[in-house]
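Labels run A, B, C, D, E and F following the written order; every chain starts at residue 1.
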């Protein structure tokens, strides 16, 4: 199993969620994060004080999936999250040793 | 009847008070008898409530929104506690020191604990109970120290703030209030105009905050870390409530509900509107974007600038004064402060001090009948502006030296500043044991 | 003495003004002499302050809470800047165009820059300084354009909003105010009743917002994305302050502190309470849950509905009018709007327009003495309702056509809408360079 | 002239009313003719608005800030809906039951639907329209049930709250108001003093909340989970607005804008300031840190303590009463409550009940002329304190038993408490279908 | 070493923290997240606008532990977080290559 | 590739960001978290209620890096985040199987 972790633009969350549901993924965990990267930030001015803000709001999606599905899911997310503009984000795939559904005690693929 | 004799007729009261009797047009001439007026009393009770609204929640939110959330409660607590403390002192000896006969610089102790004040005593104009007059003045004596907090936030000990304010109202505020508003007062006799407190309140608070900001020192990370305001919304609300309450401050300073209050009402509307647009416009031109904080800062600058002039200049003069005060304050807050490098954290000097000076001197100009003002006896612009400058300089010197000495004393007794760890953790937790938000 | 001659006796002033003199019961009969009244002046200064409270922070928070947090400051800035701008214009030519003699549709330029207004001039009733009267009216002329913002939020350029409002008050508001409230005005002469501004303020703003919402177009993602209000708490606070301030709006429109204001006070309490319960009840029945936003929306709908009727109907009539206006507005905001698909983002039309129409027409009914109203001379329900309908139709047509033309002009000059990227980033950062919250 | 005959002269009205006529000093003696006073009317309209401000947004924010964010909207909706409901009931039969002749415990139905109230009817003192008097009293009858909500938050059904409050005002509030404030009322005749509602409003609400807290039961996780207030900032704002509005409550209870209101104004300033400092000081001493919430709690405790005494004691007496009420309330909220283990969630009993009792009894002491009070005829401290104790005991017993019965009835009809799942999800979503914040 | 990542219901945080402390785990990192899964969301209505909200508030707990302890810790969390109702959450186990305590420079097991 | 996940004190974020930029890392994702560990929390008092708060605000930084750079980056973060006082935090290194840049479709090292 793998954990697919995608960093995307906030306004793309609904699209990605719909796309994932479309390919049969029915669980995910989402976190509000701040991203630093090539996409340049903005300047904020409060009276005399000017601040260059380089961290931009992003959304992190984590989905645990069976290894066989990883490629399909990465592609699905990438397609749904893409605007073609700088700052679209990244998708990372990490190894996942075990999974457990707390409610039932089911493990691994059955837990997803 | 004209207003020529305005200030020289003042008999032991508030600048604006005497003005009222003299402003009386035909409609009013029949009724200046020294009887209690329910209408005036109603207005002055409301004015008192409005000035309290400026302090809490007005000023507390205006300041609080500008700090980081870890220091929010410290600001709220400081404002509330300082106001409470100075109200009690006002009853004990403040009212007496400011508003009883003494010498040109300070009153006496004859009304300590409100001795002699009863249901039957009235203010000098005779139309409102003395209780109302002293309550109205109490709120001025409470908001002025609260304003100073803006220069000290996010790093000063709570105990230091309480102690400093106790000393400061005693040695700086009461004398200055006496000098400006009591018939025997040095500046009153000089003929300097200050309708609602430009020198006593705003220049005074602005200078004290500047001295404090320098003596307490910069916040850790100042000029380096992101210190964006934690809630601009709260700052907006606070600024708006300051505007609302300021009608009590300015139009209330007429001490009557008549033509003088009416003029102050209009001026407090239009000077402020012009100042909001003024800041917005220069910022738009200079930085490319007009900001909410800029517009609200303009509101406050305009209110400060019109304060000494509120019942004395015409509406067009008010518009000019408001816009000009705002633009000068903009320049100080954005350019001069950065150049000099002091951390007057919430721009008490940049806004209250600077616009207060502009307003005080501008009052000497726009009071001119030829510019739509109400005039003063034997008016000469040069002479009047000179008197205004003298008053401003006296306020600056008196307050500057006094505040520096008092901050030093407080530093020796309790220490001005919290430790680095406490500052970093935030004053809410380290000084008050609470957090503002648990969302 | 009865109220029969109410409107025909109006002599160049505000509907409610004439009412006062005529409402005078025995207790009042001794004192209608044209002398300044400190009591009336005190009340009218406070009323002016209360209407300003409706704008900032009231309306700003009510609207601001309903948008997403990335657009919060844009709403606050727009409300404050529009109010400031229209106050200055009021001094320059607005007051003159609305309240000096001219023809049936617009006044003249005789009081530009407040020419001729002095300490000694009074309002038509004679009991308050003209300065107070014009300040009170100034706040009406400032809140009406600010209301329109609710239809345009989250996508309209700041520059477009300022320019549009400048044109709109000039070509739509001042003429309508003149028609309704000036003795020579077309609708005043017709005998249409509008105690505190149902047509001039609410229908007017509602229609302009609807036209604007359609011409500016829907927000990106409208009907698809989650656009939940960022802070219902702020919306509650704003709604509550609108209620508070509305006593200045409604009871202040009596221009005196007497029985008419007293009746308006009671009506502004109970119509609103009934409207809050009305919305709550239908929502509970229809959707299964009574919501906070619904209850507050009912508050506003009730206030709008009682505005034209405040000093004219009895308390039971007020309860009926408030509840009915609220339920009709509920139906528009939840059903009609969704069916038609326009993005009147904050329901300015659905609440102010719709409840304003209900209130204006309902005033013609509940003014009937048999229904507890104060009556008008030669009252006939059919005739009065017809006059009310004519006034409503004129307001809708005048404002609808005028607003459409002005939006088009603004679109050609500066463009109405920000770019997609700016809209998505949020107007706070893209138009104002700030963020509302840094928690 | 002295105040000796104060209470015995009351003729069918409000305690404070009669006081006014009698307080008249020389300046006032010429004008007690029973004519409408524009000044008094202006003040009483504003007082009514100020008490409404206490409810929304004041109390709603004070309470709302203290709950967890998932229950914020439930508190706001409850406060607004309860106030709206009790205002409408007031018109239907509340005003009649409280303020018309009947027996010593309850009035009659002669003014149901405001029968007989017109433009021309005035209050008993004759100086304000009856419409204003009944509107002012309406706000008292609305805030009292709203106060009770503080003991029930985060777990009680919305329907249960509405039903309970409807019954409670009918069977508990109106009778007690009649007993205390009507000339025929049992406690009025007894000579118990309650200037602005210490027994009727605060003890009454405090006891009902305590009974409710016990009968509804503790919140899930009480005493175990972190239940920190979600926004102390909002609690501060609410507390500050309560202070602001309380001037209408206390000084408005004079029913005139004269010396009695003036005294109440001063007392409502200084008792509150002293109480804020009192709580701050004991907390600093006992826990090591002075908190914002403590300081604001002191504000409320001081306001409650001075309520029954506002126009009756001198400023020094007010300071003592405020500080003492605050310290006793501190002790109850921090020690007694924890020892007894009931979940009076927002300390309605601990603050309103306890400080209300201190204030009511203290009024009997500090009204003594020798302590700076205004005195009552044939004053004897023991006798007066005894009358005060009797009034307090009657209020506690009447309200305690009445509330217990009514809570039981409501429990049988609709059930008091939401399910565990709904409580855990939060009442905002489960009862109202909304969320307060979407940042 | 492993990272145990648990997604749980927010009101269970204190129970889980206490249970972990009970078995000798004295460090963890907690994040507020939103979860999408079988547990159905709710509907919110704001005047005319109805929104079906499918993301629910959850808490993510991350604990770095020695490999030998993983099973015990997973069981401990599962037991404490369980209500038996849908939406109880998941526990994921990921591989952890290295760990370092910044203050002391200690690494691996000593860093936990 | 690896994911370096650091838990640090909030006020050190800017220092760490600058240090990382200094060594050529131009992307990272940051999350506000709460940490439980040896550093003791504080007590909050709200009227009668005293709460011992044991979760303290921390910042989590996640940086995806090529395996060869891991040590250098861990050292850089550790140096920048260190105050020497308890609660400085941890650095964890996890395996990263794949990376993808959504905008361009670039994968692995090229995606970082």
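In this text, contacts are C-beta pairs under 8 Å (C-beta built on N, C-alpha and C of every residue); 3 or more make two chains touch, one makes a residue touch a chain.
Quick caveat: nothing in here was measured; it's all calculated off a predicted structure.
S.K.: What's the overlap between the neighbours of chain E and those of chain F?
M.R.: A, D
S.K.: More C-beta contacts across A-C or across A-B?
M.R.: A-B
S.K.: Any idea how many Å lie between the Cα centroids of chain A and chain D?
M.R.: Roughly 53 Å separates the two chain centres.
S.K.: Between chain D and chain E, what is the gap in Å from one C-alpha centre to the other?
M.R.: From the centre of chain D to the centre of chain E is 47 Å.
S.K.: Name the residues of chain F that each touch 2 or more other chains.
M.R.: Residues 31, 44-46, 94-95.
S.K.: Among all residues of chain B, which ones touch two or more of the remaining chains?
M.R.: In chain B, residues 37-40, 42-43, 46, 226, 228-229, 231, 237, 287, 289, 291, 293, 433-435, 437, 439 touch at least two other chains, as defined above.
S.K.: Could you please write down every pair of chains that are in touch?
M.R.: Pairs flagged as touching, ordered by label: A-B, A-C, A-E, A-F, B-C, B-D, B-F, C-D, C-E, D-E, D-F, E-F.
S.K.: Provide the residue numbers of chain A that touch chain C in the complex, in ascending order.
M.R.: Touching chain C from chain A are residues 11, 14, 42-46.
S.K.: Can you list the residues on chain A that touch chain E in the complex?
M.R.: Going by the criterion above, the answer is residues 3, 17, 26-31, 64, 94-103, 105, 111-112.
S.K.: Could you list, by residue number, the parts of chain E that touch chain C in their complex?
M.R.: Touching chain C: residues 44-49, 51, 53 of chain E.
S.K.: Per the contact definition, I'd like the list of chain D residues that touch chain F in the complex.
M.R.: Of all residues in chain D, those touching chain F are 66, 226-229, 287, 289, 291, 293-294, 297, 333-335, 337-338, 347, 350.
S.K.: For a test of understanding, state which residues of chain D touch chain B in their complex under the given definition.
M.R.: 23, 25-28, 30-31, 37-40, 42-43, 46, 50, 68-69, 226, 228-233, 236-237, 240-241, 243-244, 247, 251, 256-263, 265-266, 269-270, 272-274, 276-277, 280, 287-293, 295-296, 299, 315-316, 319, 374, 437, 439
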